[in-house]
Structure formats: C-alpha cells, structure tokens
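Alright, structures below, take your time with them.
Shared between the two complexes below is chain A, which pairs with chain B and chain C, respectively.
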Partner chain A sequence: MTMQPASTEIASRTAAIIQELKGLEGPLLPILHGIQEEFGHVPQDALPVIAEALNISKAEVHGVVTFYHDYRSHPAGRHVLKLCQAEACQSMGSDAIAAKLKQLLGIGFHETARDGSVTLEPVYCLGLCACAPSAMLDGAVIGRLDDEKLDEIVAEVRS
Partner chain B sequence: MGLVQEIDYGTPASTSEKQVTLTVDGFTVTVPEGTSIMRASMEAGIAIPKLCATDMVDAFGSCRLCLVEIDGRNGTPSSCTTPVAPGMVVHTQTGRLKDIRRGVMELYISDHPLDCLTCAANGDCELQTQAGVVGLRDVRYGYEGDNHVFKKNDGAENFKWMAKDESNPYFTYDPSKCIVCSRCVRACEEVQGTFALTIEGRGFESRVSPGMHQLFIDSECVSCGACVQACPTATLSEKSVIKIGQPEHSVVTTCAYCGVGCSFKAEMRGDELVRMVPYKDGKANRGHSCVKGRFAYGYSTHKERILNPMIREKVTDPWREVSWEEALTHTANEFRRIQYQYGRTSIGGITSSRCTNEETYLVQKLIRQGFRNNNVDTCARVCHSPTGYGLGQTFGTSAGTQDFDSIEKTDVVMIIGANPTDAHPVFASRMKKRLRKGAKLIVLDPRRTDIVRSAHIEAQHHLPLKPGTNVAVVTALAHVIVTEGLFDEAFIRERCDWDEFQDWASFVALPENSPEVVGQLASVDPEEIRGAARLFATGGNGAIYYGLGVTEHSQGSTTVIAIANLAMATGNVGRPGVGVNPLRGQNNVQGSCDMGSFPHELPGYRHVSGDAVRDIYESLWGVKLDDEPGLRIPNMLDAAVDGSFKGLYVQGEDILQSDPDTKHVAAGLAAMECVVVHDLFLNETANYAHVFLPGSTFLEKDGTFTNAERRINRVRKVMAPKNGLADWEVTQKLAQTMGLAWNYQHPSEIMDEIAKTTPSFASVSYDYLEKMGSVQWPCNEKAPEGTPIMHISGFVRGKGKFIRTEYVATDERTGPRFPLLLTTGRILSQYNVGAQTRRTDNIMWHSEDRLEIHPHDAENRGLRDGDWVRLTSRSGETTLRALITDKVSPGVVYTTFHHPDTQANVITTDFSDWATNCPEYKVTAVQVGASNGPSEWQIDYDEQARNSRRIATLEAAE
Partner chain C sequence: MIPRIYIPGDSGALALGAEKVAKAIERELADRGIEAKIVRNGSRGAYFLEPMVEVATTDKGRVAYGPVKPSDVKGLFDSGFLTGGHHKRWLGAPDKIPFLARQTRLTFARCGVINPLSLDHYKAHGGLKGLQNAVAMAPADIVKQVTESGLRGRGGAGFPTGIKWKTVLDTTADKKYIVCNADEGDSATFADRMIMEGDPFVLIEGMAIAGVATGATKGFVYIRSEYPHAVAMMQKAVEVAREAGLLGVNVLGSPNAFDLEIRVGAGAYVCGEETSLLNSLEGKRGVVRAKPPLPAIQGLFGKPTVINNVISLASVPVIMDKGAAFYKDFGMGRSRGTIPIQIAGNVRYGGLFEAAFGMTLGEIVDDIGGGTATGRPVKAVQVGGPLGAYFPRALFDTPFDYEAFAAKDGLIGHAGITVFDDTADMLKQARFAMEFCAIESCGKCTPCRIGSTRGVETIDKIARGIEPEKQIELVTDLCNTMKFGSLCALGGFTPYPVMSAINHFRDDFKPAPVAEAAE
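Showing the complex of A and B:
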C-alpha cells in the first residue's frame, strides 16, 4: 500500500507491458524482454509486479531473470559491446583482442565506462565462427576483428 | 528401540493398474507401468546410488549418480527418469558406471567442505553415504581456485562464499554445503505448493535462493520444513539437530494441533525430543507437515508450564502448590459439598478436544457416573456442533463423508468459510496439488484467502459474500441447479426421498432465492453465483470442504443442511472425490464429540433418553444414569450467574478466551465456588479457578486422536509426564477420590471399554491399530477395515433428507453506530487461543493480533497501516493495530484471536446457532476508530490476570 514514488512509476510501466504480452503462451520471457527494452534493464521492483500478474511466485521470476545473462540488473552504457570468448574465437586470438579492448576502453568485462558510453561483455558464441574472432556492437555483428576494426569500434562508442 | 526407518524409493509410486516385469541385475521384478527403474530396483532390494532423487518429489535427473546400463540401449540413462519397460534388462553396477559415478562424486566433493566430524548431518548425510557407496577415495582437483566453501581464498575475500542464513527460528541454510540438487526447491513446489524457493543464476553460479535472493524469514516461505526434510546434506538443518545431535530412536505418533491429524515420527535422543519428522505412512498427511506440527513443540518445555497441583480459597489469593493427593481430595470434597448444598446438577465438566479419546471418555464418564448428571459439554460447542446437527439430520452421521485421499479424485472443489492454507495447511497442500493438476475451485468467503489466488492456484469463482449470508448464497446455488435442471435425478430417486426433494426444489426455486435477489443482500455478483453453481453441478466430481465460517453463525446448522442438500442434489455423495467435509479445527474435536461429550448424547451419538443405550452403561458402571440432557456451556454460565451452578471441571479448554462474550464468561466463572482447571498453563480461565491440576502434553501419554476424516490415530508416549501424571491418570485419581471404583492400568483398557459399549468402535483396539496403522470409524463387523468413505450404497439414515433452508438474517446488524461487520479467524503460525504456539518461536510470524481493514474504510477514518485502533461493538471494546489490506471487502473487518491481550471475544456477542448454541463468532457489527492505546477493560484485565497468576513461595515443601 505504501510504495515509494519511484517504484510506483516502475510498477505502472511494468503493468502496461504485462497487459500487452500476458496473452502469449509462455509470456514471462517476452515480458522480461519488454521490460528490459523499456528501462534498459530489469528493475528489481518490476519482479513482484510480474509475479502477481502471472500468478507465479517471486522466487520463480527471480530464478528466470538470474538464469539469463542478457537480463541486466543495472542499466547498461549507451553502447553495448559483446566480445565472443568461445572456443573458435579463442583459437583465433580473442584473448589478445579482449586484453587490447579492455585497455582501450579502460574497463573490464561486465563494466560500464565512467562516462556511460559503453558496456563491455563477454559472450559465448555468436554463431560467427567462420569469421572469428567476432563481436557484436549494439546488436550488429562484426567479424574478423583486428586492430583496425577495434579502433573503429572505440571511435564509434566514444563519439 | 532404534529409529523407525522408512525406505526411500527415489521416485513416487505409479498408480497404474498395468504391471510390467523386468530384470535388474539378474533379479526379476514386477511393478506398475510408469514406475522408474530406480524405484523398481529398490523394490527388488537393490539401491541405486542417488543424490537428487527422493520419493517425495518427481524425478529430476540432475545429479548423474543413478545412471544404469540397459541391454539393447545406448549410453547410460539415469534410472530415476527412465520408466521401466517389459522385458528390460538393467545393470546397475558395471565398470563403466563405477567410473562415471566416482568421477561425478569427485566433482561434488571438490566443492564441498570436508568437516564431516563437526557437521550437524554427520551420520545422516546422503552425500557422505553416497561418497561411501561409490567408493570415493581421492579428490584429485584440490580446493584451490573457484569454490563456494571457504570464506577466503589465499587471504582474499571469496565472493562466491555465502554466510549462513539463520533467520528462520527453526532451521538454518548454509549455502557452503549446498550441492544444488534442487530437492528443496522441488519439495517447496510439489509438496508444499508455496514456490518460495528457486535456483538463481546458472552453472557454477547456481544457488538456492529463498524469494528474490532474500533471507528465509523475509521470503514467501511458510516454514513447513519440507525443504529441510528433502535436503540430502546439512545445508538445510533443523536448529534442534545442530544443538542436540542426531536422534537415536523414534516413535510414531499423532500431531496435537489441527484436525488434519498428521502422523509424525518423534525422533528422540534419550528422553529429549530432537525433531518431529512427518511419517510417510501417515494416511492423513502422506509425509508432509506444517510449521506447527513439525516445529512448534517447544511449549512442552516452556518455563511457564505448571508442573505442580495448586489450590487457593479465593481467586484473589495467590496460588499455593500442594501435593496431588491434597489437590484431588480438596476437589472431591468441594464437589461433594456443592452437590449436597445446591443439588446434584449444580456441578459439571468440560471435556477437551485437545486431549485423547480415552481422556475425554473418562471425563464424561466421571460426570455421568460420578456427578450423576449430564452436565458435560465440550469446545465443539463453539465450533462444529452445527456440523453434528446438520449432517446428522440429512445424512444420518455427525461427521465428514470422505478420507483426505479423496481429494485426489475431485474435479471441482468448493470451499465455504474455511481457510485451509492457514488453518489446515497440510491438507491445503494436498488440495493445491490437485488444483495444479487441473481441478476447478469455487470459494465462498468474505475474505480473499490465500487459496483464492496464490502461485499457480486461482479460483474460478470467488464469492466474497457479506458475513452472515451463507444460507442465502448456498440456497441461491441450489436455485440455479434446480431451475436450470442441473440436478442428478437418478441419484436423488435412488438415494433420497423424491417427495422431500420436490418440496425442497419448489422452495429453492422461489424467486427470493434467485442469485439476483440474494446477490443484492449478500453483495455478490449474481452471474458469479450462477457460474459457480453450473460449474459445481456439471464439472465432474464435486467435493465441498467447509469450516467455522459456516458453523459459527446464528444459522450455522441451516448452512450445514444447505450444503448437504447441495451435495445430494448434484449426486456428490458416496464415492471417492466427492462428499461433504467439515475441516475440523482441533486435533480431536471429532473424537471428543464421538466420545459422548455433549449433554444430550452418550458415546457414539446416542441420545441419553434412549433406555437401551443407558442400560448398556448402567449395567457396566453400576449406577442409574440421568435420562434428561444436561447443561451446555452457555447454559452452565447462565445458571452460574443465576446461582444454581457452582462447580466446574475444565479439562484442556480455555473458555474465557475462546468462548464468546468474555465478560459474561468471566461473570459466570466468578459466580462459581469451585472451578477446577486441568491444563498445561495458567490459562485465562485459570484466573477464575480455585484448583489447578497440571496437564500433560501429547508427547507424554498414550491414547488416540480422531481426525476430521474419522481416522483413529495412535498417540504414543515418548517421554514421562513432566507433571508426574498423564491426564487420564489425573481424571482417574479424581474419580477414585470421589469414591468410584476405576482401575485402568493403561489407556488401551479404556479403548476396550469404548469398543465394548459403542457399536461404531466395536472392532477398535490398540492391537488392531498397531496392525492397521489407523482406522476410520465405523469400524465393526460390517466394516472390519474401517470406513474411508461413507454412504457408499445408501445413506446411514436410510434415505437422504432434503430440508428447506429458509434464510433468516442474524439479529446482529450494522447500523449508524456500528457500520462494519467483524469476522474472526486464524493464521498459519498460530493455533486457536495460542496457549501453545505463543510459547514457541512461531511468535516470529505473528506477535500480535491485527485488525484487517479495507483501504477505503481506513481512509474514511483517517487510519494508516499500523495505527492503534479502537474496535467497539454492543458487547465491548478492545484496541489493536490496524493492517490495511484489500483482502477484506469494504464494510468488513477481520482479526485473529490468538492473543489474550487483544481478546477479540470481548467484542463478539452472545448470539448463537438456533439448533446448537454454537456462537456467532463470524458476524459482529462494530465500529473502528483511532485510539491511543489499550482500552480500560484491557488494562483492568491485564491487572487482574497478573494478580491471579501469583504463586506463593513454598513454605512447607512436600
């Protein structure tokens, strides 16, 4: 009954998303996607609202959200750069690429630059093994990473 | 004696009729189709190694220890998830399997502490056992690197390590010992149905998480303990086991809380109770428990328990501890003096629904044989007396028609005025399991109780009727069934009187019983009533479960009759999955009624006016019995105020707190000259007592309890009575002191007398119970194995009787001064007047009674959540704190009655059921307003209670 204004705001925006997607078969994942799109992450305050609406327990929602790495608990930077660290890319030198990128951006994996420009994340296979090492910037895949491409990426996220 | 060992078959039993034969390690075994290889193998006596499997939950296949090889199949399938097939040839122990298992176990142990010697589960750890089973001799991986075991890795903080969660008062969660087998998560989901646990994260990050990474106490956990029982390691451990150590022997007994009557193994170390573990063979609970039965037994050793008899001249004097002999002689002399002075009928007694059948039988025998009158009553008066009357009239027996297993065949569950998830939690879990499998649910309740909507359960129809309108609404359901032609004509013609049905049908079809009219006065949507009626009549097997929300009304008996009518009209009596089922409040309320606790009935519900019945007892007891019914509790109190009733023996009931209109009860008790309270604690009634006889707990005596499904369960002594005597011995000594020649050596002899004199118990004996585990009465020549389901080929009374159920609104009405309706109930963690549960750590969940009020009504009165409010009715007033919630409808407020300092019954009125005097607890017109603190009455009461509990320091010790 006595919710904080901020969470009331989250609750009402969450409720609207749930309303829209509730009719789907297996609506939990689409709803979580919708929420991540709306807020840029999945706010903790949204979970009880989802649980109540779908008539499942808070624990179940928590279990699902934490299972998928793509659901963020905190907002990401303006850009999200995912660097593949799976076997094929590793064999093509992704470790070195990662080290270089971390140095260029000044952040490690799972970190966001101080200016909020970019979040760096490892990913385990983009299905782009033929063009390894690969990455994904804001949803667009980039193959055959080399120093030149890294500079381009850094320039783009800094712009 | 040793521990009672139960075999864990690994996966649940299959219910298939078809049998399948296979070979396991060269042995042939035949099992029902659908059985897992693991279970089949266990049936053959071969235990396949396992960690994530246990037969309380479905197979999961995650631990990879139970792998087997099957001729003609590739790979090594897990035996828990692979069903048997005809002619299958299974090998459970091959070189390949041995290697795999040892490898898997090595990985488990590489992330598990090696502190076995100091671990609470030492000796009862499946991980330890399985490590031994697979022959693990070495862990090659070492303990460096990532782990969940150590707080620090090489001096640096280990962020994967998590501290123990000790927030629950009864068990701890130690994540460092967790092997993530998910047994706890699955037990919470499948067995308890709360879904409070999950596995968070994935891979090496996977952890068991209560709620959303919360502490157990802050999560949705209801502390039923199923997870603790399921845990194969020390991750979830009872604090009592941590403190005391592993038990060395166990005794199967019956829980002494609600009417579900769960069977438990009391696991002991010497005479110290280590823990209560629900017994898988218990037919009422099938291996499940709730927070009360499993954990809330601490009251038996609470410091406030009284262990010595006490007497005093006046209730304003302090108590004086005396010997048993002095207390009993004093009591006998007083009772005889009062009878000499005021007449034979000036004394009486109250039997207890908390005590055993045998003890109850003795108390009524003492009154009938010793006091020579029928002034005996029991607390069922204030709960299920209308059930006795209503079902007796319509069906011919004063009891529920089904066993609890029946729910597994039910298609439509109708719950009326009952809150099973709080008051009958173990049965609620079984009910929820059935609902998750697709059964439909209809709930009639003024409140939106948890069963109406909680994780994975949702009622198709919730009729939030106004308190006091049960009869109208249930009759409206019948109206729809009759006018829309949904009744079961074949059933009615065969089992009931067709003319009576037609008379009833013409009555319910009257326009004033239509949902449209009734909906108005009950504040329910008529379409919901119609929908519910159609669903119940056409949805398959329909079962009605009801509670005190039905009986505790001025028309309680009428509602019970209306329910019986509904069941008969739809043909829902006499087979599995259907029936009319009162959810009994107390462990032995069924039994205490069976044992002749009512002033008009001898044991077995036989009226005292029947010469043949009296003959049986007169020839056995050697006295002439009174053929006139005696006084009911309210009559005793009235007579006391009038000056004609002067002495009372109360065994195990706190009438001052539990009975309505507290001031009247207090006045009645104050007017008596000898009030004898026989109880564990100085309860509220004891404030007005002259003699206190200390009682014994269910752990300290032998006997039987009869649960809501008429099941007679053994109660077994696991320790000597701390007060020196079991309750039956106290009553016997009192009888002997009063000159009666009783000489029972053991409660089994009392049961023999009951069986000899009561036809429905004729075949019951302790030997027979030992053999059968438990039986449901009637148990006699006609039904040698007892009667799980009643009225199978016809009603006990002959033809089922339809009776008109005219709705008469209660005289208790709202008006300008008292505009809200108060209704009362229970909460999960507390039990009734709370004498026991308040003296356990269950107070963590419910430390005070709160007044639930709708936000709308609260706003009108300027009340905020947690504010102190004054609750006023025509009878009295009290204060408590508000809890603002939309679980109650506008115009309705609700509170519990677990705490004596709230005394909700100061508020309730003396209106009662027309047939049985069952008080109308569930409807009181009240006003609610802001308050600064306790009412004057509460302050006075508190003062008086404190004074009357003084015990004089011993002068001359015995």
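Showing the complex of A and C:
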C-alpha cells in the first residue's frame, strides 16, 4: 500500500462528505459541519473540492468558512472548553471566572494549551442564563460555575 | 403499576447535575431490586429547583422533589419517595409550587410535564387538536384566526404573525417555505431551547399549521450550534412525526404535503436576524439583506417564506385549538396572549415564567424573581437581550407590553430579563454592548461595522477620564447614527443598552476618584 499525500486524502474524504450532502437545499453549511466533524477543522485543501462540486468560486467558499465563528482553520485541543461571557453570566461574575480559568490553564481565549490538552473559547450565550455562570466542555453543559467546579474541569482536561 | 420517575433531560437541568442524579437513581433502583420507569422530561422552568425529580403516584398524582443532589438519592428512597413520601427535598404537587402556580401556561402547557418524544403523551395533553382543526379549514380562515388572535412575533420585532402569513398566502409561487428562527442568541433567553427540548411536537405542529395555511410544503428549523441538545431532540421528534404521518405527503391524512428539515447554525449571532438567517440557510455568509423585498414575497431561495420565531410558531397550535378569542383575552393593549418571560442572571428564583402581558417589571423582578441571588440590591435589569435597554428601579412600574417598553426607550425583545446587583459597572456594560456588536457585526453596513469599534474606543476614553463630557456627546451622536443608519437591529439597537446605561446610570460614567496608593 502506498501512502497518499495528505492533500489527496483530504480531497477524497471531503468528496465523500459532499456526495452525501449535496442533494440538500443550500448544502454548504451542512457540508462544512460534516468536514469539521471529520477532520476537527476545515482544512484549506478541502475548499477547492467543495467549490468544484457546488460550482461556486473558491473565494465564495473561503468567505463562508471565515464568516462563521464555529469553523476552525486548525485543529482544536483534545478538549474544547467554551466559557459563556454574555450578560447573564457577567451578572454572576463570569469575568472573574474567566480570569481564574485562564490562570489555571495558562492560556487565553482562542488559545490551545501547549500540550494540546484543551482549547479555551468565549461563547456568547448557552441558554443557561438562569444557571449562570455557565460553560460547555466537549458538548456537556455546566451551570453555576464556582471554584470547585473549575477545579473539576481543569482536572478533567488534564487527565 | 410500575412507578414512573421523571428526571429532566433539559440542558439547564443537565448543567445542574441531572445526569448524575439519573445515574444515582438507576443504581439505587437496581440495588434495591425495584422496577420503575424513568422518563426524561423537559424542564418546567423553575431552574432554582433543578434538578427537579417527579414521581407519578397512584393517590397523590405527581409529587416533586428538588433541587436533588446525587447524595440525596439514597435518602429519597429511604423516605419512600416513590409513593410521595416526605423528605427535605419534598416540594409537593409541582403545579402548586408558587412559581409555577402563578403562571398562565398556554405555549408551555406541556413543557416539563410530558415525555418530549411521546406523541401519545402529546395527544393526551391536548396536542394535535390545532392541526386537526386547521386541515379541515380553508387556508384563508386559518390565517384569519391567527390574525384575530393578536399574536405578534415573539422573536422581538413584534410584527403581527397573521399579516406575515397572509402575504405569503397571497403570493403565488411554485414553492413556498416555512422557516423557524431557532437562533436564540440573546443572553437571558432560553424559551426556544426549553420548548425544543421539552415539547418539540408543539413546534412541529405550529410549523405544519403554517404550511397548511400558506401553501408552503417545506420547512426548516435553523437552530444555533450552541444548542446541541435541542438539535438532537428536534431531529428525533421530526423522525417520530414523519413515521406518524404528522409530516409527509399527507399531513394527518389530508391532501396537504409538509416536511421539515433541521439545520444547524455555525456560531454567528447575526444569523438570528431573519434575512441573514435566510442567507445562511442558502449556504452563504450570514450577511443581512436589504428590505424590501420582504421575505414573505422573496425569501428563502427567492421564494415566498414565512419566517417566524420558535415561540410564535409554538403558540399557534393553542390558538387553532381554543380559538382566537380565547388567546386574545389574555394580555393588554396591543400585546395579546401570553409571553414566556425568562428571568435570568443575578436572580434568586430564575427561570421561565409564562404570563399574560401586563405585569410590571417590578413584579417580575421582585415578586417572582425574589430579587438578586447575591442578596444585594438590584441596580439594573436588562430587558430583551444584548440589544435591550438597561432599566433602573425607577422604571420598575413599566408594564410588560411592546408599546409601554418602547415608550420608555426600551424593548421587550425575546422577553429575557437579566438582573444585576449594585456591584455592576454600567460603563462596563455599555462598553460590552459596543464590543459585542463589533464582534458579531456582519460587516455589511458602515454604522454597525465601524461605529461599534469607535464606540468601544470612545467609552474607553470616558473610563480613562479623557474629556468625559465630550466623549459622552460623541457616543450619543454615534448612537444616533447607528440607530437610524444601520440595516438591521444589531447596529440599530446596540444604542439601547448604551444610551440607557448613560442616561439612567450617569454616575458610572463620571471619572473614578483617583485611588489612594496602598501602603
């Protein structure tokens, strides 16, 4: 078996996702979600394949990918921690929670720990506004954050 | 009879540990060799009591316990909670809990009560009657009934739902769409999430009625990606609905075709704006479109489109079931029916409170909400999310009504209320409003794209004490430009939190006294 160059492999896996979803009305966002799920980010090499398949320009695909906060250009850490920074959480001290978490993890927002354990991101509302301050760790929701819960989170991402 | 235990699977309850409680109950049942059925219901919305576990008893009906911690579970079994036994977490009949008993639940009647994925439960609690009535009616009559109910868009704009529907009905096209805006990005709002997780069929029913009423055959629910549980629940519910013939080529056996697709957003707040949501659904950048053309005439893929908020659509089934007059009887002035008020932030009794329009802000914050969670005095409440005004206690007599809030330079928006105690710094909140607008601006129009960044810089100058009065004048002028020059509500409404903070809390914008050096 010969090793394929990375770009060819990305192209073929991307093509499979497109094949599955291109029958949808307005398929670009579902395709990009599918690609991010497959690769953990949206690789540059996937963009021309999408453009070709949907008969739109590469610039258009690039424009869409970069418009939305969710699509990553690089893989995230093994864990993704989203900390709510919107008003309801602010009223319950989310600023102090953010400062403490940044210190505990040694990274700022939009950064990944050097050991690749965790990526920290701000999020503007998780709909948990009556249980503020809140966070989401790998899709699991956590409300009424306090020092104890922060320690649990840090222990989990480091384990 | 096998005992039935209800443990909410709602995100809010999960965030407070409902999953661990469920595991502990399962373990305890196994250890004690007791057979019981666990139902994962939605939340009733009293988040200060979540996780709230309920037991269906033969003699006392439903009995609630909460907030339950995993460490309480053994004790609950020892106290005989399966038959409603007394325990320190005992709350009694859930509908007698004051926070719930004081509500008027029309849209949220089933939320937290039923198994969200059981159509039988849904029907047993009055579900599908609205759609059954609708399929037997002429489209124009359905539209008339919705118009007469006085229902206005619950997303924030407050536009009469029936009039939107009428435009779509009257526009001829080969294809029409129903789009549900479930991009609930405003802080302090969670009503859409709760209904999608707790009673998804009511939304599906509402959308099917909209389809039958306007001749639309395809619907999309655009849910924000921050709501993975709601997405999963809606997807499952759509499958159940399809299998039961509630969706498909013959809706409830009628000649009307209607099907639904669930779509997931990608983290752009501005996609909660209807035209940018349509662009996003089409696979484009979520940039705002100029109106006209109205989406009702040229919407999704250029076709006539009804685009309504989750709560607007979820309020339609009860209107079609009980009639326009029934719904219209609730409320005040031109705000008819009920509104799910979401009480959030620094508040003692936070949660969802559905009531007829007309309660005062003070009643909601002090009586229902019980003041702040920290026990400190309430300084400000922001009504309507990040684009809503900050209200001081002096305006607490304002009744919850679209027009009354507009008269006080505010808006009710999606009816979320964030409570702040006296430690809040309103200059910081005003700055955040501008900063948020800068982060989330789609970039199409200049007042929003550039104005928000200039706004942050100018407010920073106030904070540093650089000619504060002059800067306040500048911000006021900038807000005026943003309000009247922006294409959509993001740039257009950001002035509400900024100017209300400046006007009602001027002390926070005065230069801070120079702190004395600590010894």
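Rule of thumb we're sticking to: the second predicted complex is superposed on the first by the 155 of 159 C-alpha atoms of A that agree within 3 Å, B and C clash if a C-alpha of one lies under 4 Å from a C-alpha of the other, contacts with A are read in each partner's own complex, and residues count from 1 in each chain.
As a convention for this text, contacts are C-beta pairs under 8 Å (C-beta built on N, C-alpha and C of every residue); 3 or more make two chains touch, one makes a residue touch a chain.
Keep in mind that this is a model prediction, so the values were computed, not measured.
**Q** Tell me the contact category for A:Phe67 with respect to chain B and chain C: first, second, both or neither.
**A** In the superposed model, A:Phe67 contacts both chain B and chain C.
**Q** When the two structures are overlaid on chain A, which partner does A:Gln19 contact: first (chain B), second (chain C), both, or neither?
**A** A:Gln19: touches no partner chain.
**Q** Looking only at contacts as defined up top, I'd like to know whether chain B or chain C touches more of chain A.
**A** The partner with more contacted residues on chain A is C.
**Q** Is A:Thr8 touching anything from chain B or chain C once the two structures are fitted on A? First, second, both or neither.
**A** A:Thr8 contacts neither chain B nor chain C.
**Q** Looking at the overlay, does A:Gln44 come into contact with chain B only (first), chain C only (second), both, or neither?
**A** Once the two structures are laid over each other on A, A:Gln44 reaches chain B alone.
**Q** So in the superposed three-chain picture, is A:Asn55 touching just chain B, just chain C, both, or none of them (first/second/both/neither)?
**A** first
**Q** Contacts for A:Ser134 in the overlay, against chain B (first) and chain C (second): which applies, first, second, both or neither?
**A** second
**Q** Once the two structures are superposed, pull the chain A residues common to the chain B and chain C interfaces.
**A** Residues 60, 63, 67, 69 of chain A touch both chain B and chain C.
**Q** Can you check the complex and tell me which residues of chain C touch chain A?
**A** Those in contact with chain A are residues 11-12, 14-16, 47-48, 50, 184-190, 192-193, 218, 225-229, 261, 263-269, 280-287, 301, 342-347, 350-352, 373, 382, 385-386, 416, 418-421, 424, 429, 432, 436, 439-440, 442.
**Q** Chain A touches which residues of chain B in the complex?
**A** 194-202, 209-213, 219-220, 453-458, 855, 865, 884-885
**Q** Okay, in this complex, where on chain A does chain B touch?
**A** Residues 1-2, 44, 47-48, 51, 55-63, 66-67, 69 of chain A touch chain B in their complex.
**Q** Using the touch definition from the top, list the residues of chain A that touch chain C in their complex.
**A** Interface residues on the chain A side: 24-30, 32-33, 54, 60, 63-64, 67-71, 82, 86-92, 123-132, 134, 136, 139-144.
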